[in-house]
Structures are given as C-alpha cells and as structure tokens.
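The structures come next, written out as structure tokens.
After this come two complexes, each holding chain A, first together with chain B and then together with chain C.
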Partner chain A sequence: MLSTAWILLNKDLLLEWRTRARLNALVFFALATLLLFSFALGPDSTLLARHAGGYLWLALLFASVLSLGESFRVEQENQCLDGLRLVPTDARALFLSKAVGNTLLLLFLALVLLPVMIALYGVTLSLSPLSLLGVLALGCMAISAPGTVYSAIANHARARDVLLPLLLFPLIVPALLAAVKATTLVLQGDPMGQLTSWVGLLSAFNLIYWGLGLALFPRVVED
Partner chain B sequence: MEDKRRSLRLGLAVLGVVTLGVGAWMGLFWAPPDREMGDVYRIIYVHVPAMWMSLIACLVNFIASVGYLFKASWKTDSLAESTAEVGLLFGVFGLVLGMLWGKPTWGVYWDWDPRLTSMAVMLVAYMGYLALRRFIEDPEKRAVWSAVLGIIAFMDIPIVWYSVRWWRSLHQVQSTPQTVHPDMTLALRVNAFAFLFLFLAFVWSRYRIAQANRLEELALPDSLPDAAADGGLTRTT
Partner chain C sequence: MSTSDALVLDDVSRRFGRRWALARLSYRLPRGRSLLLTGHNGSGKSTLLRLIATATVPTAGRLEVLGMDAVAEREQVRGQVALLSHSSFLYEDLSAHQNLVVLLRLLGREDPGGEAVALLARVGLATRGSHPVRHFSAGMRKRLAIARLLAQRPKLALLDEPFGELDPAGILEMERLVAELRESGTAVVLATHLVEQGLSLCEERLHLVEGRRVEP
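Entry: the complex of A and B
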C-alpha cells in the first residue's frame, strides 16, 4: 500500500510541477489574502503583529480550499479516477497519496508566506524556527486529512465550490484554533508553557482524522 | 397495519402537545422562581429539553450512519436524514432561546463560551450535511457519502468542545437534581418528555417522507418514457 501511495504521490507532484501556473496562482492568491488583512485592519502594526498567526492560518485555509478542490478535479480529466480505481490496489493508497500531496503543497505555501508575513506585519520569532516548522506541518496535516475526504465527495456534487468550504470550515474549527494559538505562542513566546497542550490537541486531531480518512475513504470512491 | 401506525403517530403528536401544555403551566406558574435570576430562569424548561433532543438526534444520526456503512439499507439512510433535519430544528430553537436568556443574565446575546460555540459549530456542520444531501442526485452515492460525513461531523463535536473550553469559558455549570428545588426538577422532566414525544413524532413523519422520496427516486427511470435517453446510465437500480 505504501509503495503504491508513493508512486501516486510522485505522479501528483510531477503533475503539479509540470503545470506550475496553478501553483503560482495559489501562491499569489495567498499573498493577496495576507496583504488584504493588513488593509482591512488599517496600518496598526502592533495589532497586526499580535494577530499575525491568525492571519497566516486564515490565508492558508482559504488557499487550501482552492488546492483541495483542484486535487480531485485533475483526476476527472479523461476519467483518471475511474482508471485508478480499476488498478487492483488499495483505495487507501489513493487517500494517503492525495492527503500527503495536499499537506506538502500547503506546507510549501506556508513556507513561502512566512517570510512575507514576518516582513509585512513586523513579527519577531521568540522560539526556535524548528518548533514553528513543526506547528506548521501539524496544522497543514490537520487541514489536509478531512479536506481530502471532503474534496473527493464534493467533487461529484453540484455546486462543489460552495460545498467544500461549507463542509470543511466547521469541521476544521478546533484544528484552526489550536494551530493559531500554537503559532502565536511560538512567535510571541510561551511563558505559561501552554504550547504542549495546543500541539497535543493538534496531534490528536490529526490522529483521529487521518485514521478516519484511511478507514472511510475506500467507501467514498467505491462504485 | 398502516392505519394502526398512523393513529400511533397521531397519538404521539397529541400526547406531546398535551404534555407540553402541562409542562408549560408547570414551568411558568407551578415551579418556584429562582433565588437569583427570578423568573428569567424559566426559559430552561424549553431551552434545556430542546438541546437534549438535538444531541439525541446527532447521536442517532451517527449510529444510523455507521449502520448504513456496515449494511446498506434505505431505512438507516432515511433515519439519518430525518434525525439530521429534526436535530437541526431543535438545535436552532434551543440556541435562539439560549441567546434570549443570555441577554438579561450575561448582558450579551452571544458569548464565545464552549457550549454555545460547540453547539453553533455543530449546527453549521449539520447544515453542511443537509446541503450535501440536496446537492447529490444519485440516491446510493448520497447515502454513502452522507454517512461518511455524518461520522466525521459527529467525531468533531467532542474535539470542538475541548478546544473551545481551553480557549475560554463563561457558561454556568449545569445544575443537578441535588442542587435545585424538587419542583423544578419535576417541571423540567415533564417538559423533557413533552419534547421527546414531539421529537419522536417529527422524526417519524420526516422518516416516512424520506422513505417515500427514496421510493420515488428509485422508481423514476423505469416509469419515465424518456429514461432511455441517457441510456439508463445515471441511475443504477
């Protein structure tokens, strides 16, 4: 199953690399969102610096809706998904490859946004960059696992562009809350030692939804 | 048989309305006023039962969803559809009542308290569930996907609750029968049973509608003369 997932992941990443226009559009969309937050709040730099973690995650979440929606739309061309299902392999490999691919894409996006956010909002990093990277990775994983299942479902429904955020946003609330809190703590320092409990919550969310995704995804794509 | 069920359903609704009348009288006139909140507290006689029914509906929806994935049946699918809709109705009702109570007690309609927030998030999640059901035409796919969605959404409720509780808390700790006047407990129980009867009557009626819809959807391709136009490919049964 893992080797199949690896092959599928390579295919998706190659596809993403060869159609770089989509990736570029995604990056610029997220950058524009970050920029818009500073306009919406006025030039109050202390306010912006204090809420920087929240804006970063909102920009990522909005961009994720676009990238998640794309991840199954590309499979619809020439009935790719039907083709993949005909191959005698585990449907869970498909979930793993898509979810890991979406995580990597979001993480890449987060790493591009990070320096822009630091410059734009005047943020300083209090804890080690490594812990920030960990929080970003966990948060991207938390968006990707339920997002992949929902995007596979919404892809076949009418009004799929409205449906995906409608389904995903309420579900993602605890993960968003934990990711924003943890990011803010990493940026501004953690005198009360709260970081571990938020990271714990984020990890628990990941564990539950990656498990549920693996268990339920075969039923989603079956015919 | 159908006649018997019909009268049973009607009886359940009538019983619910009568009990609700008795419960309203008990809650408004018979039960003593609260020591601190005075008469404002009396909204709990409708607010609390409504929230209970909404939670029961979510639990039944979850069980029906799991049941459908183990053994596909239109019955569990219709049950899931009806409980989601009735649960949303009771939940929104309870939430609005809670906000009305919050204004004189807390001074604000809305506060980011764990119960309030988790309830609101849960209701939005079930709105999404019902929207998904509307947006998929194939009844079998709709049943499978909404079952998956029902399971995922239900698992989220405790996580949301814990996360928001860490975030902040204001909601008063719920009372137990030991901490309130016995008359209040009795009045609340009567109202809870009234809501339960009405809830069962609603779910049952909605279930019948859902079953009738399934029958109609499944019968459509054969009965329509132009069903052959798409080669009968879009529906598989």
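Entry: the complex of A and C
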C-alpha cells in the first residue's frame, strides 16, 4: 500500500509541478485573505498581532477548499479515477497519496504566508520555530484527512464547490480551534503550559480522521 | 463457479435511476472465443463492458468473469481484465510516456521506462512520447489508450468502440493490434458500430436492443 501511495503521490506532485495553476491560485488567494483581514481591522497593530494565529488558519482553511476540490478534479478528467480503480489500485493508497499531497501543499502555503503575516501584523515568535512548524504540520494534516474524504464524496455531486465547505467546516471546528490556540501560544508565549494540551487534541483528531479516512475511502471511491 | 466459460451473465440487470440499461441479460461466452457486441447508441453495450470490467456492479443477477464472481472477487477480476473505454483514463498534463510509466509502476513492472518506450513504439507514438496528452488529437489519444490496455497484459480485453475517432490507417492499425491480442491468447469483447470489422475479429455476436438480447 505504501509503495502504491508513493507512486501516486509522485504522480500528483508531477502534475502539480507541470501545471502550477493550483499552486499559484492558492498562494494569491491566501495572501489576499491575509491582506483583507489587515484592512478590515485597520491600523490597530496590537489587535492584529493578538489574533494573527486565527487569521493565518482562516486563510489556510479558505485556501484548502480550493486545494482539496482541485485534488480530485484531475482524477475526474478522462475518468482517471476509474482508470486507477481498474488497474487495480488500493483505495487506501489513493487516500494516503491525496491526503499527504494536500497536507504538503497546505504546509507549503503556510510557510509562504508566515513571513507575510509577520511583516503585516508585526508578530514575533516566542517559542522555537520548530514548535511552530510542528503545529502547522498537525493543523494541515487535520484539514487534509477529512477534507480528502469529503472532496472525493463531493466530486460526484453537481454542486461540489458548495458541498465541500458545507461538509468540511463544521467537522473540523475542534481541529481549527486547537490549531489557532496552539499557534497563538507559540507566537505569544505559553506561560501556563497549555500548548501540550492543544497539540494533544490536534494529534488525537489526526489519529481519528486519518484512521477513518483509510477505513472509509474504499467505500467512497467504489460504486 | 464455472471454469469452461470466459464470461457468464445470469439474469444480469443494471438500472440507472428509473431506466434499465440492461434488463435480465443471460449469456455464456466459452473460453478461447471472442465476442462482438452490437446495438444502437444507448442499447447497453458500454454498460455491459463496464460491468464486466467491474467499474460498476449489477443491480440484479450474477456475473462471472474468467471463472470469478465479478462482485465478490472484484480485485482478482481487475487484475486480469482491461478496459478500453470512451474515456481514455489519461492525465492530460502528463506526457504520453509519463502516463504509461505511472501505470507500469502501479503494475509493479521492473523497467517501466523501457517498457513504456516499447509500448509507444508498438502503437505508433514513438516520436510523441514526451508530448503532453493535452496536445494530442483524438486518434492519438485512442492509440495511447490502447497502449495503456496492452501494458496491463489482460486475459480479457474489453474494447468499447476501438475504431472510433481513428483515420483509415488507424483503423487498420487497431485491427492489427486486436488480432495480435487474440493471437497472444487474450479473449476480446468488442463493442462497435462497424459490424464488418467486428465480425472479422470475433466468432461470437451479442446484439442488444434497449438492454435486452435479441437476434441480430
């Protein structure tokens, strides 16, 4: 399963690299979202810095809807998903490749947004950059796993662009809350030692939804 | 489970919404024989091919492919059957060579790069291997799709309108490839409107009208 997932992930990254359309659209969309938050709140730099973690994750969440939807569009074109199913390809490997691919894309986006956010919002980093990287990775994984399953489900629907956020947003509220809190603690300091609890919640969320994704995805892609 | 038949359709039906695409179809194809599917557009030919390929499941009835139950032993059936569909199953932004390499790697082949080059040469696309599929004509896509099917080395090849979108030279080439497939021991189920071409390649014929078997 892992070797198949690796082949499929390579294929997706190659497709992404050859077109780069999704990547460019995501970066500009997320940057625009960050800028809009700063315009909406005005020149109050204290307020911007205090809620920077929240704005970062909202920008990532909105961008993830574009990213997740696109990840199955390439499989819809020429019915490539049927082609993969009939090879046959392990559906769990397909889930892993898509979810890891979406995580990598979101993480890359987060790393692009980070310096912009620091410059725009006047944010300083209180804990180590590695802690921030860990929180970002866990948060991106938490969006990607259920997002990949719902994206595959919504892909069959006519109103897929509307359906995906409707299904995904309510589900990932706990993960979003944990990611925002953990990011804020990394940025502003953690005098009460709360970071571990939020990271624990994010990890548990990931464990559940990556496990559910692996278990349910074969039913999602078959008739 | 039958072992003497390549294909057993026992009262097979398939419904899409309220419409029956196939209705109570029964048929047996002996091993070593090839089947020509004929019928007008919407008669159920493509649905039957997709059922045999396990791309979809019957609403009712029992379907055996190469002695295996098409529902319960779906994965095993998929390992021995390949479908040339109306859809090419090709990634538009990958080159022809890359499309085949991805497939060959999934099939666990030892030298996917070399095998892909050989397959491209076999279908007359040797000089176009590095070109993205997006820039291919319909005929070139069909050739690449048949290369994809050949890569799977199936025991049963399902060909849905293989001559469509091909020029006269392409049709001759496709006839040669289908004949080669048959000589290599692959059973063929072929759906086409070009009955003359089909009859020259298949011993058996199944004519469908609105999802039902009728005498041609």
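Just so we're on the same page, the second predicted complex is superposed on the first by the 223 of 223 C-alpha atoms of A that agree within 3 Å, B and C clash if a C-alpha of one lies under 4 Å from a C-alpha of the other, contacts with A are read in each partner's own complex, and residues count from 1 in each chain.
The rule is simple: a contact is a pair of C-beta atoms (placed from the backbone, for glycine too) under 8 Å apart; a residue touches a chain by one contact, two chains touch by 3 or more.
Just so it is clear, the structure is predicted and the values come from calculations on it, not from any experiment.
A.B. asks: With both complexes superposed on chain A, which partner does A:Ala40 reach: first (chain B), second (chain C), both or neither?
C.D. replies: Neither: A:Ala40 stays clear of chain B and chain C.
A.B. asks: Which of the two partners, first being chain B and second being chain C, lies in contact with A:Leu130: first, second, both, or neither?
C.D. replies: Once the two structures are laid over each other on A, A:Leu130 reaches no partner at all.
A.B. asks: A:Leu177 contacts which: chain B (first), chain C (second), both, neither?
C.D. replies: Only chain B is touched by A:Leu177; chain C is not.
A.B. asks: Contact-wise, after the overlay, does A:Ala204 reach chain B, chain C, both or neither (first, second, both, neither)?
C.D. replies: first
A.B. asks: With both complexes superposed on chain A, which partner does A:Leu166 reach: first (chain B), second (chain C), both or neither?
C.D. replies: first
A.B. asks: Between chain B (first) and chain C (second), which does A:Met192 come into contact with in this model arrangement: first, second, both, or neither?
C.D. replies: Neither chain B nor chain C is touched by A:Met192.
A.B. asks: Applying the touch criterion given at the start, work out whether A:Leu216 contacts chain B, chain C, both or neither, answering first, second, both or neither.
C.D. replies: A:Leu216 sits against chain B, while chain C stays out of touch.
A.B. asks: Tell me which partner touches more residues of chain A in the superposed arrangement, chain B or chain C.
C.D. replies: Of the two chains, more chain A residues are contacted by B.
A.B. asks: Show me the residue ranges of chain A that touch chain C in the complex, using the header's touch definition.
C.D. replies: 4, 7-8, 11, 14-15, 18-19, 74, 77-80, 82-89, 223
A.B. asks: Which residues of chain A touch chain B in the complex?
C.D. replies: Answer in residue numbers: 146, 149-150, 153-154, 156-160, 163, 166-167, 169-171, 173-174, 177-178, 181, 197-198, 201, 204-205, 208-209, 212, 216, 219-220, 222.
A.B. asks: Would you pull the chain B residues touching chain A in the complex into a rising list?
C.D. replies: 69, 121-122, 124-125, 127-129, 131-132, 135-137, 141, 144-145, 147-149, 151-153, 155-156, 159-160, 162-164, 166-167
A.B. asks: Can you name the residues of chain C that touch chain A in the complex?
C.D. replies: 53-57, 74-75, 78-79, 81-83, 85, 87-94, 98, 102-103, 105-107, 132, 148, 152
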